[in-house]
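What follows is a group of structures, each given as structure tokens.
You will see two complexes here that share chain A, one where it goes with chain B and one where it goes with chain C.
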Partner chain A sequence: MLCGLLASSSGTARVNGHDINHDPESVRQNIGYMSQKFSLYKDLTVSENIAFFGGIYGLSGDRLRKRTGDITAMADLTGLGNHITGTLSGALQQRLALGCAVIHEPPILFLDEPTSGVDPVSRRAFWDLIQEMAASGITVLITTHFMDEAEFCGRIGFINAGRLIALDTPTGIKNQTSASTLEEAFIRLASMPEAKLADLNPEPRTLSL
Partner chain B sequence: MKRFFAILKKEFRQIRRDPLSLGLLVFIPAMLLALYGYALSFDVKHIRVAVLDHDHTPESRALQDSLFQNPYFDRVATLTRPDEANELLNHGKARAVLVIPRNYARSLTRGDPVSIQVLVDASDANSASTTMGYFDALADRLSRRIRFDLTGQTRPPSSVPTVLLEPRIWFNPELRSAKFLVPGLIALLLMLSAVVATSVSIVREKERGTMEQIRASPIRAEELILGKILPYVLIGLITMTLVLLLGYFLFGVEIRGSLWLLSLTTLLFLFAALGMGVLISTITRSQQMAFQIAVLSSMLPAIILSGFIFPIQNMPVAIQGLTYLVIPRYFVAALREIILKDAGLGTLWPHLLGMLILGILFNLLAAARTRKAS
Partner chain C sequence: MSHLQNSSGRDGARLSTHQNKPFRAFFGGSRSVATVFWSVSSFHRIKILLIKELAQIRRDRSLLGILIVAPLFQLLVMGFAANTDIRNISVSIRDNDHSTQSREYVRSLASSGYFKITLLTGPESGDADQLVSGQAGLLVVIPQDFEKRLISRHPATVQVLVDGSDSNFGVNGLNTLQKATRLFSSSLTGLEINSSRRAPTVTVDSRAWYNPRLLSRYYMVPALMGVLLLVTTMLVTSMSLVKEREEGTMEQLLVTPIRPVELMIGKLLPFVVIGFIEITLALGVILGVFGVPLRGSVLLLYAFSGLFLLTTLGLGLFVSTLVKTQQQAMMVAAFFVMMPFVLLSGFIFPVENMPPAIQVFAHFIPLKYYLEIVRGLFLKGTGWHELWQPALMLLLWGIAILGLASLKFRKRLD
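Moving on to the complex of A and B:
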């Protein structure tokens, strides 16, 4: 919904100041999106994929060339430009997908369960990459089931059965529920009765990105 | 525009990287044309005929000779007893039996009318009526010649009607069904490949998640759809050329009309057919499903409701109404007009308009459904 793919049934949401219901096109110009399937064209080469995603974001000429170089370096794909994407390892494909998602240098990046199906080493390397991006000033929004990954984030929202049940820094949430890990905190929050939840998080949530 | 070209370029690259699918798209219609073109024929030739001659006169033999002189009839047996005729027909060894009565020659010389009996196996009604038509024509020709011979005059005697029907058959003088069928086949095959190819290629992107990725970008629905169908327009034109060449070399179907009109007609047709393909892709989620719906919704109406085989004016009114929604209906009619009759825009425009309207309809629906989140 926040990517401008779906309209909301009620309420409003703004991404970087653009209303998702009224101006989804500006929303899409301002975000990068990568889904868990890291959707690349496996029958195209690495550079063809980059050129394609650059193209649909309206990049061309010098800017496209510069970004292609940046992304190749960032995703460790130097020298692999002519390889068919489907023949690369999962981790490399994932990095390429991330690169394609940020080809237009969006201020906000959505990652939908980006690390499912990747080995622990690549997962860690991938997180380093995300941290780098966050440090460079990109807002990164990640959904994940892995609570150890959530620890890396600056702010976490717990969602249970379609409701936001907590929103705070990792330390804040752990203190709130006096749990030692986020996993424990989530289980406690999820089993909490309605009234007590409302007590902890009184006002309706407005999330601004 | 830049975004549109990105889609277009990517589409061509993918098609090039998958030569098998491209080959199937272009050559399967060509192959099917050859196959159907030979198999589907309403021309009846080499009808197996047995003869039961009760007369045994030079005149009765002359009748048989004139029958078997032409390639439509093959003699399979000469019978002596009536019950043999039954047996031959029952076993399908003969499609027709010619029975010449005992007093055939005598009646002729007297100038009396004489009846020749023809037994026809009508289990295949279509062939049977064609067979009977041939016999009719034969009898007519014979009786005129015999009258001439009898009177020995160069001028027809007064008993012969002075008004004679002399049909002139236009556009397809040999009445060959290939000429009639090939344009219909072209429409059927092009319809099939256009609708299937687009719908499957779009649903493939949905299945692989790349569609979601594209839709998270600022690209507009029209840019996306146009970029996806344009390559298939080109492929459709190539297929069309190939199929027309085959139609000419294999079946002697030459194009009498203008190639410009033919191209215009084909473009309008592809516009509508590809729009339908895109529409199907928006209501299906798997390639398999898209393939099945595309085949069923394009092939069945193209065979049954397009006028390809069954004339539309013979259909019940309600069904006739339904045919207005069938793209090949217009395409078949327009192709026949152009290929067989050299028709101009003056007669073609209703068909072209029909395809244009359906094309706009399908494409608008498809764009609306693409824009609305799936």
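Moving on to the complex of A and C:
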């Protein structure tokens, strides 16, 4: 919904100051998005994919060349430009997808379960990459069901049955529920009665990015 | 209270933009600034999309095969096969007379060039098997008194049994046999049979215009081009769009600033070009291999084919909005579009012969209008004056299906 893939039924939301209902175009220019399927064109080469997504975001000339270099380096794809994307390993495809999602240097990046189906080593490397991005000032929003991954995040929102039941830093949430791990905290919050939840989070529906 | 205020404010906003919402939703850009920049960045995005499409098409060898090689090959094979002309009819003859006249009759049938004759000997009881086994399409029985009746100036009758299981063949075979028999009886001048009773009769001196030898190939081959164009462009368009959805790249495209209308143009334009390439190649085969004359204007043929492409690409887009996978796209296209189109468009059975209710249905088939156009252009050399009506129907059909499909397309994306 925040990426403009679904229409909202009610309410308002702003992404980087742009209203998702009234100005979806500006929202899209300001976000990067990568889903768990790493949606690249598998029958195109690595450079063709980069050139395509760069071009769609309006990059050209020197800026496109510079960003292509950045992304190739970031995704460990140096020298693989002419390889057909579908023949790369899953981890490399994932890194390329991430690169294509941030080719236009968006201030906000949405990652939808980015590490499902990736081996632990690549997963760790991928998280290092995300941490680097976050450190460089990009807001990264990740959905995941791995609680150990959630631990890496600055702020966590728990969503249970379509409702935001908690929103805090990992430590904050653990303190709230006096749990030792996030997994335990989630289980406790999910089984908590309505009134007690409202008590813990007086205003759980505001989320600003 | 605050909740109430909020909702009424939203309704107010919705009311004020209600008028141009569908237009805006489709073409994007509500602000005047966006409208100014629309063209430049839109063309850029469409160009990028086209480059990508071309790279994909070039890389996909099987697609090129489907688009170019298969239609040409089919045109060649089906053009020769789609032949309803009757030649080499197998005729078995049981001659019970064994006379000079009966042998003369058989010889005259043989010399007509239309029949492959087998003379039956042995027991008569097995004669009917000739038809059952398919060894003969016609069974002619010459009666014992054949020559006697002819000499005594009485009309002689031969019995003919026809394999009617293929009605087209049966009718044509019987006609040909009757013609050959008439020729034989008129050649019986030496015997001066019937000369006294033969009164002057009305005779028909017929001449077939546009196709003097009445070759069914002339009629079928240009129409085949229409069918192949429909099948390839519609199917490939819908598959290419569904593929993006299947592989998740559609989702990825939708989070970019690309607009639905740009996406549509970028996806459809390559197939317009391929469609025209197909027409050009097919034209070469039709004129060069089959020798069908193109008596009308080439320019009109291309222009009207362009209108037809509007409808096939619109159908492709429409099919893609109905299905989730490429297999489903194939099934829907085959059963709900191609089969009824090919059978009811007049490609095989003339629309005029159909019951009125089905004729109404046939009038909603764009292929019917395109077939009228190509058959008219090739054989009759008709021009704009005669063809503007089917051309207008194609245009309306194209606009309607493209409009409907793009609305559905847009809705699917939301």
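Operating definition for what follows: the second predicted complex is superposed on the first by the 208 of 209 C-alpha atoms of A that agree within 3 Å, B and C clash if a C-alpha of one lies under 4 Å from a C-alpha of the other, contacts with A are read in each partner's own complex, and residues count from 1 in each chain.
Keep in mind that, in the parts below, a contact is a pair of C-beta atoms (placed from the backbone, for glycine too) under 8 Å apart; a residue touches a chain by one contact, two chains touch by 3 or more.
If you're wondering where the values come from, they're calculated on a predicted model, not measured in any experiment.
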Clash or fit: what happens to chain B and chain C when chain A is overlaid?
clash
In the superposed arrangement, which partner chain does A:E48 touch: chain B (first), chain C (second), both, or neither?
both
Examine A:F126 and indicate which partner it touches, taking first as chain B and second as chain C; both and neither are also allowed.
neither
In the overlay, answer first, second, both or neither for which of chain B and chain C A:K37 touches.
both
Quick one: classify A:F158 as touching chain B (first), chain C (second), both or neither.
neither
Once the structures are superposed on A, label A:H22 by its partner contacts, choosing first (chain B), second (chain C), both or neither.
second
Counting only touches as set out at the top, which of chain B and chain C does A:Y57 meet: first, second, both, neither?
both
Footprint overlap on chain A, comparing chain B with chain C
3-7, 25, 28-29, 31, 33, 35, 37, 39-44, 48, 51-53, 55-58, 60, 110
Of chain A, residues touching chain B in the complex
3-7, 25-26, 28-29, 31, 33-35, 37, 39-44, 48, 51-60, 100, 110
Can you tell me which positions in chain C touch chain A when the two form their complex?
10, 28-30, 34, 41, 44-45, 47-49, 51-52, 55-56, 59-60, 247-249, 251-259, 414
Which residues of chain A touch chain C in the complex?
3-7, 10, 12, 22-23, 25, 28-29, 31, 33, 35, 37-44, 48, 51-53, 55-58, 60, 84, 110
Spell out the part of chain B that touches chain A in their complex, as residue ranges.
2-3, 5-7, 9-10, 13-14, 17-18, 208-210, 212-220, 373
